[in-house]
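Order of writing sets the labels: A, B, C, D and E. Residues in every chain begin at 1.
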């Protein structure tokens, strides 16, 4: 685990170079422009999954991230459509709105543990969908459609981000937006986990009673972690709404919530970058198996089972295993 | 000596069962007070009430005159009332040293956000906690196990680790629930010594324990519970001679089995 | 209103039976079996094939469903879950495995049985209609059978040697081992029984609701709800949860229909509030 | 005297921790043997090795002349070894009755089981009073009696006890100690007793082994060990 | 893919896409799409391919299962763009159809959703073409017919609590109101995981409507709803505005389904041409079992190919396609007589963005559909 500082820095530089330079270069060279959306999805879904991972880190199985993604999508869509806000402003607001909502929801439900918390959050996803159908402001079953693309973002007259609608390649723009946020998100996560906060979160995961006996405000810490998690969910939902220029009650469902969780498992619950790798593999795996037609799901799930048998602690445990052997 | 902790009229019901029934006593500063009594007498429950892990049905607990019962457990800990657990309760998947480091939480000056940013204060804390953890581990004879994952320790060392965690919070009152259970005589005596040293450092200690030789040796005073009620209070020699206590708890000496 | 209550009871009986298998597996192995609904669907398709297509007696079909699923359950425990449980650091890891097996079953079922809704001939014809209650006879039969199965299961767990061993196993694996219980074997039996219950209830209900390849996931989730209401891993809880959910649906759909699409919103919200108050469900404890 | 258990040169590891470094000991038929030693000395590990809960690295374990290391715990239990594990471990949500019946899990004859039940309830009348109570709601001492009773239900020839006095009030410790003596005497069960309460253990046993960090440091006649200086110093604490 | 292709080496390849749902509870919708396309394509390829302009093409169907997830649907549409596909059938549901719009428009793809929201087909949108008859078109016709011929006065709606069915219910309610029918129930919904509909229908049946409309009902649920209603003693009519499958109804509801009214393509023997009959035979041979929904769904591919034949320039340029749509007309091979294919939708959408699929209103009877009446849309 103790990589030297230089190796770490080098790894980060390489990663950034791949994500921001190599990927766009390869895509434009090969002409595989559909990969932009695929990778954008991976980036956004991995942000949401990172949130789920954080709740795992405090010992809660979270199958409710879909609810916050949906909520974030609606907040952004409604602010853009009904109130004429700039998308760029709605992005943090969507995240904060979800964080605030998650505090209210989290205070009672974070007392639950194990499968109970898992189930309640699962139900929460469904509640979000039903609310989206029932509330007047969401436009119910008809969803919100024809949302404009993100406009220009300028500060003091300097255009930081151009209007997406005028761009020739809004896919690239969305890709860059998504990976930038992903990098930021995982930087935050890495810092969280490797600071004392990470240890505190681990103490919650392992024994809440003991943690509170040594003076940890467990209720507070839980809520904070959950709020951060939901913030990530909201942000990723908001961007999805902008990409599809529409949002429906069924835009994020129980299936998504479950997938977020699975991404974390597959990557490895013990590794901060697990959700990123897990999302990449699960999403890309599905995409690659596109060729197999009707056997896609069969092969996909079959491989997932095999992976689980070989690496029950996640893909990243492979590194640990080889190190132990080596 | 000043009154440190005052327990008055404390009662706890679980449904129909009265686990602690109208118990009052007080603990003086730097005192070692033991609570003894048969299994199920309500000792652990009493500890949970004092450390605010349970809310009393009636009655209250005061620390230096201030009411602390009914607070959240981490607030009670912040005020200086910290307990160890009867079961071996530790952070299983952390190293022994990390267990102790994390327990320094209350002493840290930096805020959560400070930790996140890695401010100077946070760094100072980190260094100080590491050092203090090593000292505590040395004190409890756990130094050689510092990097072992806690879940792999044998029973006796787990108990010691539980105490180390309690110590790391630098409490003013430490509540030890059966700290000597699972230790042999030699180890028990070393722990007794250590607890005494803690008291000399200014700690007030409340103790639940079934190991009578140790209890009698270490305690300034004892409180005896039976069926949730206080049936006796006094010095070790008073208690050892108390008919009610012998009847309910100690039993009479039986040379055939060495007790 | 009589009708509403009768509906609720009938629904409750079938829900309870669905929840039982799930709770059994959870109690024994701490595995939340995401594939439970898929097992139910598979049971339905087997009965569909044996009774509906091959024309063999219904009882034979039901037996075939039960036995097949029991075998599948046993194999899953032996070759999948046992390995993963042994090797993983966090026991939640089995959730990924369970979800993957659920997908796998979905794929297999879709390939084998197609995407269409399937149904079988009624087992009993006619409708009971008296005292303000309308209830087709086949529902009465299925409801009664469900209750018989539930009772048999509870009695078996409570009084048989195997049942006792499984309860012990659920409470303390090592201690059970020290009593001479072969924990591997009994985990396998328990998993098989849970799967068998799913298969049997799928087979039973195919006579009423038919079966189609896509409903596995939703059924699992519904079963999770019941288990949570009652308390995870408790037989009594699963039964209570099943009946409560059945009754809530029946009553809610009647009482709340004026307010539009809110019945389930209310049910779910109620569940969330309920669990916030009782974090372990109605009778939450490891095993009863 | 017939040897019932022979534990020869056993080594046992946990991951990388060396728990037993070639321990040898034996138990003769009808004997009570005590095993004492510091925390982490490996006492519980010895019991786990005997019952097959942990595989041993090397060495041999014979029981009744048959080699049993490598066998599964359930097979070993069937051969007549019963163990009371560290920390009681009752089945908390089962009744006293069901707990006891679990003890007889490996046996089939209904009438013999009933007879054992008679015997256990006769020995521990408290259990009879609490027959239908959930075991988890009983006091620590009662639970301790229950697990001993449960082990007896297997009609074992060899009974392994891991710290039966742990967390039990002094008066109950006396009761338990008397029960162990009586069981050994009346039921002709050989006993291997792990205890931190060395004084008690040496009083009620015929022979004893003292363990330090994975190997046997001392062994011999219990009565003699009680007066041995080293034992006194290390395990009995001088004159208390 | 199952598509058996008898590719002739000299033929070029024409890729037609499908992005829709072929797994999960709604699998039947997309599967009937995919299979009808694959059957038709195999048939065309076997008989030498399709001649467009000067070239002869073999039709290659590229399918993508979006799992009813709008995010996946976008990925599917991107994939189609990547493969150079310009004509895509699907998606099958509202949210997916809305989500793929930006991709389709940016990449010059015309897509044929089976979802009804008008915004998809009205200006400024112009790349979506509705693949079937919408409920707001068939509903009024059905209710009118039933009002006039069967004396229906009281009508009740029940829908799954999801976007598509709810929107369709709202459309139906509007149409019924316009006809002056009394609406006795319009708020009743069920969860998509409902397997036993007795509790849902108990209060509705008690209101004794003359017509019970199952808005946007999935083929899997239709027989269950019918059976539950009948067993509860419901005696009125039952209808839906979506396509159903006779076999599913027969197995799931038996004779209870008799009299059930739904909309189909050209399924009934009275109007099906020999081509349709051969299509059914080939489909059945290829996939083991026919699905009546495919009567409607076979049209999309036919329209695409015929429009391309009419204007070969459209093969890589959807602007050309759009131009042709306004005037396009070709014989309808699936209907007896001299029916025509043509684009419609002017009344509903203000532009021709809908396939003129015959609106055959069926009545189920003993395992098969019978024509109740045939309508049309403009």
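Operating definition for what follows: a residue touches a chain if its C-beta (ideal position, glycine included) is under 8 Å from a C-beta of that chain, and two chains touch if they have at least 3 such contacts.
These numbers come from a predicted model, not from an experiment.
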Margin query: Quick check on the contact network: minimum steps from chain A to chain C?
Written below: 1
Item checked: Those chains which touch chain E and also touch chain D -> C
Note to self: Using C-alpha centres only, name the chain that sits farthest from chain B.
What the structure shows: E
Notebook entry, point to check: Distance from the CA centroid of chain B to that of chain C, rounded to the nearest Å?
Noted result: 46
Next item on the list: Give, as an integer number of Å, the spacing between the C-alpha centres of chain E and chain B.
Entry: 72
Note to self: Rounded to a whole Å, what is the gap between the Cα centroids of chain C and chain E?
What the structure shows: 35
Margin query: From the mean C-alpha coordinate of chain C to that of chain D, what's the distance rounded to whole Å?
Written below: 42
Note to self: Can you list every residue of chain B that touches 2 or more other chains, as numbers and ranges?
What the structure shows: 93
Item checked: Multi-chain contact residues (two or more partners), chain A -> 130, 133, 255, 294, 297
Check: Got the chain D residues that touch at least 2 other chains?
Finding: none
Checklist line | Complete list of chain pairs which touch one another | finding: A-B, A-C, A-E, B-D, C-D, C-E
Check: What does chain C use to touch chain E in their complex?
Finding: 3-4, 7-8, 10-11, 14, 52, 106-107, 110, 114-122, 127, 129, 134, 136, 139, 205, 208-210, 212-215, 217-219, 221-222, 249-250, 253-254, 257-261, 263-264
Item checked: Complex contacts: residues of chain D adjacent to chain C -> 51, 53, 72-74, 77-78, 82-83, 85, 89-94, 98, 101-103, 105-106, 150, 154
Next item on the list: Within their complex, state which residues of chain B touch chain A.
Entry: 51, 53, 72-74, 77-78, 82-85, 89-94, 98, 101-103, 105-106, 108, 110, 112, 115-116, 118, 122, 125-126, 165-166, 168-169
Checklist line | Complex contacts: residues of chain B adjacent to chain D | finding: 37-40, 86, 148, 152-157, 160, 178, 181-189, 210, 212-213, 248-251, 254, 256-259
Margin query: So in the complex, the part of chain D that touches chain B is made up of which residues?
Written below: 14-15, 17, 36-41, 44, 86-87, 139-142, 163, 166-174, 177-178, 181, 196-200, 202-204, 234-237, 240
